[in-house]
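There are two complexes below, and they share subunit A, which is joined by subunit B in the first and by subunit C in the second.
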Partner chain A sequence: MKITFPYMGTTLAYKKFLDLLGHETISPPKPNQRTFDLGVKYSPEFACFPLKVITGSYLEAVEQGAEVIVTSGGHGPCRAGFYGELHRKILHSMGYDVDVIVIDSIRRDFKTVMQNIRRIKGKNSWRKLLWAARLTYRLIKALDDFEMQIQTKAAYEVSKGDCWRTWDKIQGILENIWTDRELEAAQKRCQKIIDQIPIREVPEEEKIRIGIVGEIYVVMESSVNMQIEKVLGDFGCEVRRSHYLSQWLDDNVMPKFLGKSREEEILKKGEKYIQIQIGGHAKETMGHIVDYRDQGFDGVIHLMPFGCLPELVCQSIMPKAMEELNIPVLTIALDEQTGIANNLTRIEAFIDLIKNKKRKRISRAG
Partner chain B sequence: MLEKIYLGIDVGSVSTNIVAIDEENNLISKSYMRTEGQPIETVKQGIQALKKELDGKYEVAGVGATGSGRQLAGILVGADVVKNEITAHATATVNAVPEVRTIFEIGGQDSKIIFLKDGLITDFAMNTVCAAGTGSFLDHQAERLRIPIQDFGEYALRAERKIRIAGRCTVFAESDMISKQQFGFSKEEIINGLCEALVRNYLNNLGRGKKIEPPYVFQGGVAANVGIRAAFEKELGEKVIIPKNFDVMGSLGAALLAKEYLQSTGQKTKFRGFEVADIDFVPTSFECTGCSNLCEVIKVEIDGEIAAMWGDKCGRWTNNIR
Partner chain C sequence: MKVGIPKALLYYYYYPFWKKLFEVLGIETIVSSSTSKEIMDKGIEFSVPEICVPIKVFTGHVAALIEKADYILVPRMVSILKDEYFCPKFMGLPDMIRYTVPGAAEKILSPSIRSESDSISDPKHYSEFVDVLGVSAKELRRALKEAEKEWQRFRMLSKQGHVLSDIYRFLEEKEELPEITKEEDPFQVTIGLLGYVYNIYDEFVSMNIIKKLKELGVRIITFEMLDEGEIFRSIRFMRKRLFWTFSNKLLGAGYFFYNNPSVDGLIHVTAFNCGPDSLIGKMLELDSGQYEKPFMTIRVDEHTGEGHLLTRVEAFVDMIRRKKIKMRGALNHENNFSIYGNNAGL
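Right after this comes the complex of A and B.
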């Protein structure tokens, strides 16, 4: 069975896991204009952009012969929880006989998750499955660690584009590991490459740190968020995201008895603004804003798919949160539009705002 | 020695404005032109006109560019500062009305709301693409009613009765307007209804639950419309200040930013001189096939030599300019 998966962030890790289990995997291309066109054409008009892009990705994978789709489930009452079903329906109505395996949070529905895991396990032993899972997890941790270093260094790179080119190179290196030993060797090599990127010295008080929060797909997939991290890096800002794959795994796959997850902490911080889970990542969005403020970040960019209800709720809380937390937040709604001039204007003005605010704070202190 | 002046160029989608200010921030010259999809030609014409007016009398000590065409204009004239419209507008407003807390800026294709405290921007919102709440909405309706846009505001002030027109979307507004026409309401009343609808929509769409505090300043091309100004004052129950140069605040801000930048750094201006009107300036674009991104790369040639390139995500072309 040829397996595929939705394209989100560093997909080489999902592919690695399936490859390690001996499956034939088909990685869809990174979403591009054709993906968007296909997705928009075959998805309901009112659906959010992530659903459409994923439809397009699936269609491209099916064209390449994919027979089974493995995806994650949604969170609470957001439409995303229904995506697996909807995608199955769309693909079936188009005449593609594909199977969709939805892996929900193991903490919610243990039985179905185990059933699905058994299907992915196939004829492999449980021992092998655990080994593959562990290696993949280590790989994801390594990827996230390197990506964060890039997100910091990109703000100060001497030659434009150096950091993100290095990131592509690192992904290429880590794509080729098959054992723990290879992973360790690759990690050393990657670290060396990162350390060699020349950077400018910038005084601590002039550094700008920005957190990106919002709906997981638009936060994690750079092809649908105007490459926001790169844009901010070019403006000289360090970036962190509210979602990383390794954190998602810690929060959703690791059994609860292994300790309190970071997600719970974040949710607790968001409680002041949204008391109950209203779906999607709304509560996390508010929690992360509080968290970024606590960490001393200078500003937050809030990304949402156009028409995303949970994030719209967040947007309407933003004026209050900004005032109480004293941290600037810029909300950007994303859809299939590719012209980014407007958003660049907003981002540039937002960074001016942050710089002026910082300058004032410094001059007051001095 | 000639007196120093600073130029500000605002290249918008509808209009291109150029101003010149002196060291004391006094306005020496201002011009307002229609861009008509030809930003380069328009800027060249503007500079040409400026040359006739100012050359030999003043020395250009700095240039700032803003507006959606700022990058192109900046390269063309050799701008010292290239700034977004939001920062530029707020800079000009703070200079004219230092205590301002909220700026309403309504232009042809977009509108903005900017919140300030102690002369610093604290928050802003920008509305684009949607025509409801911008000048083009009024333009379109004025055309439908066959009233020159300059007289639009006066008509609104003459309305005897109040009617309500849906303002959320121009499509709804138009159907509402037609039905009100058929009921026998006068043009004046309909126009007044439209002005109120625009203001309501603007405040709902951009204000979005944010605290709007006076003093209010209203600027942008639409601020010339007395009907809209009256509708704002009615809706907010407070006076709305319209600065003297309300129609060129963007370019004024760009000029002020250029002046501030050059004075603080002590650098010399990069202005190419009034001769830019005569140089051969050719922007072209091509699709880079280096990777699957297929970026549209913009290349600008001046007298046959590559002066700037941008639009590539990886920096492959941008980095190659010396």
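Right after this comes the complex of A and C.
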């Protein structure tokens, strides 16, 4: 049984998990023009962009022989469930006999989730499954932790490209761990490498912090968002994202005994703008903007896929929200034709605006 | 005090309910006039360009009412079936309107509908009415009961096979209901007309496709004429249904039309940029081969030209009619279809 999974963010973690359980995994190529073209060709015309990319990604994986697709039900009443159904149908109509296993949040549909988990567990013992899950979780935590350090340091690197090159290296190192021990050793090594990246000293008041919010797929997957984090780093901005895989796991998979989760807090903050959860991450998007404002970030980039139903609601609200919250927000809609070339000037102007605003504030304070 | 009811979105499905409700509560209502170029332009002005036409239309209707009413009914439709939801734009509609239409923020009256059936008369959705409109809980309960009765009566008319436009003419203008065409005539063309009520029955948006089809002598079946059970039986074969209720109804109706021998062809009226419809269309298109029934998609947006659309409809109906005549009305393909068959290739 050759297993594949949708490409999103640091996929090495999903692969690791399946590898640890002894499955044969096929890692789809990082989404590229061909993926987009395939996806656009075989998906419904007005489906949201992530659905199309994932179609393309699956097609590339089945071309390589994948027989089973494991995917998460995504979040809330939007992507969940039906995507799997449609993808299955599209693939079948093209003559590929693949199975799609959808892992939903365990809190939502316990029975089906357990059934699917059993399938992934295969012949492994429950103990082994648990061990693999724990190790993967720790790996994901480590990855996110390093990535955040990179997202900060990239703003101040002395020689351009250092940080993101280091990030690739780190992923390469972490890809090769098979035990807890190896993970710990690798972590130490990685930390050292990061510490060695030379950076410029920048006074605190000149630092610019940008939060990236929006729909989870386009926020997490750099190949569909024009590598926005890198672009911002090159402009000298520190970056944080509204979604990290470890947080997603904490919010959706981990048992809920630690009281109020971060997710709930964010949702609470979004309530003024969108009262209830309307699917996708719309309410979180608004919540994160409020949260970044509260944390003192200088600006927010709001990424939304073309055709995304819930994010369109955010986009509609944005002008008013921006005014009320007094934080600059730049909405960028993404599809297969969105190149960085078209958006670079907008981003640049946005950063200039933030810098000016900051300078004014500083001179007024001084 | 006056409550404005925008003639858009689910107005077409729930108006008799709202009307009765406010009537019994003794609250005056005002309905916006039918969609026009001006209303459309207002809608375009206040919404983001990429959003689907029906939402633009709704926005326009709210803007048209803003000066004329003290409150405007913008229901938050969350669900009318267990584990299913409305399209996210419905769920976030009051939020969107609040922050886009100038002056709307203080006027929105927004019952929050989370029901487990099409019936939306549970008083718990309307707690806001007690606070904002100052009606008593008891009055509210009574009014809702009456509204529900009225609405059931209205639904019955649909289920007898009348299109909504005729029903409204009957209810509002006291015109007589036309007789329902029987399917006895072997040359009678029957079309399954798929589409959300707010696309099909908004004459501006659909360019009055109903009237056109009637002129062509077509018998029309739409999803709201079917029994809910029937609709869901037709998509039972799917492991997972769509999460969006009305999209499910359309998909179910689509398969019902495919499987029903008296339906000769399907027309899907859909708005540009409607994601849910795009998925339904794809599903039905992928399966259309198996059913050998012509399927046509008509896309509407704020600039669709009438002439072009109507020619296409005409050609489609003609094609079906010619085919029927050629087959001399011999409907012997009935055996090829199992009506509730699970043969959709899954």
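Throughout what follows, the second predicted complex is superposed on the first by the 358 of 366 C-alpha atoms of A that agree within 3 Å, B and C clash if a C-alpha of one lies under 4 Å from a C-alpha of the other, contacts with A are read in each partner's own complex, and residues count from 1 in each chain.
By definition in this document, a residue touches a chain if its C-beta (ideal position, glycine included) is under 8 Å from a C-beta of that chain, and two chains touch if they have at least 3 such contacts.
All values derive from a computational prediction rather than experimental measurement.
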TODO: Go through the superposed model and pick first if A:G279 touches only subunit B, second if only subunit C, both, or neither.
DONE: second
TODO: Please work out whether A:R134 is in contact with subunit B alone, subunit C alone, both, or neither, and reply first, second, both or neither.
DONE: neither
- [ ] With the two complexes superposed on chain A, say which partner A:F46 touches: subunit B (first), subunit C (second), both, or neither.
- [x] second
Open item on the list: Between subunit B and subunit C, whom does A:R189 touch in the aligned arrangement: first, second, both, or neither?
Closed with: neither
TODO: Quick one: classify A:Q227 as touching subunit B (first), subunit C (second), both or neither.
DONE: first
Open item on the list: After the superposition on A, what does A:D352 contact: first (subunit B), second (subunit C), both or neither?
Closed with: first
TODO: State whether A:W164 touches subunit B only (first), subunit C only (second), both chains, or neither.
DONE: first
- [ ] Go through the superposed model and pick first if A:Q315 touches only subunit B, second if only subunit C, both, or neither.
- [x] both
Open item on the list: So in the superposed three-chain picture, is A:A333 touching just subunit B, just subunit C, both, or none of them (first/second/both/neither)?
Closed with: second
- [ ] Please determine whether it is subunit B or subunit C that touches the greater number of subunit A residues.
- [x] C
TODO: State which residues of subunit A lie in both footprints, the one left by subunit B and the one left by subunit C.
DONE: 315-316, 319
Task: Interfacial residue positions of subunit C with respect to subunit A in the complex - done: 47-48, 50-51, 76, 78, 84-85, 87-89, 91-92, 94-96, 99-100, 112, 238-244, 272-279, 281-283, 286, 345-346
Task: Contact set on subunit A toward subunit C in their complex - done: 43-48, 77-78, 80-82, 84-86, 88-90, 92-93, 102, 273-280, 282, 306-310, 312-313, 315-317, 319-321, 333
- [ ] In the complex, go through subunit A and note every residue touching subunit B.
- [x] 29-30, 32-33, 159-161, 164-165, 227, 230, 315-316, 319, 322-323, 328, 341-342, 344-346, 348-349, 352-353, 356-357, 360
TODO: Could you please specify the touching residues of subunit B with respect to subunit A in the complex?
DONE: 68, 83-87, 118, 120-124, 126, 128-129, 208-211, 292-294, 313-316, 318-319
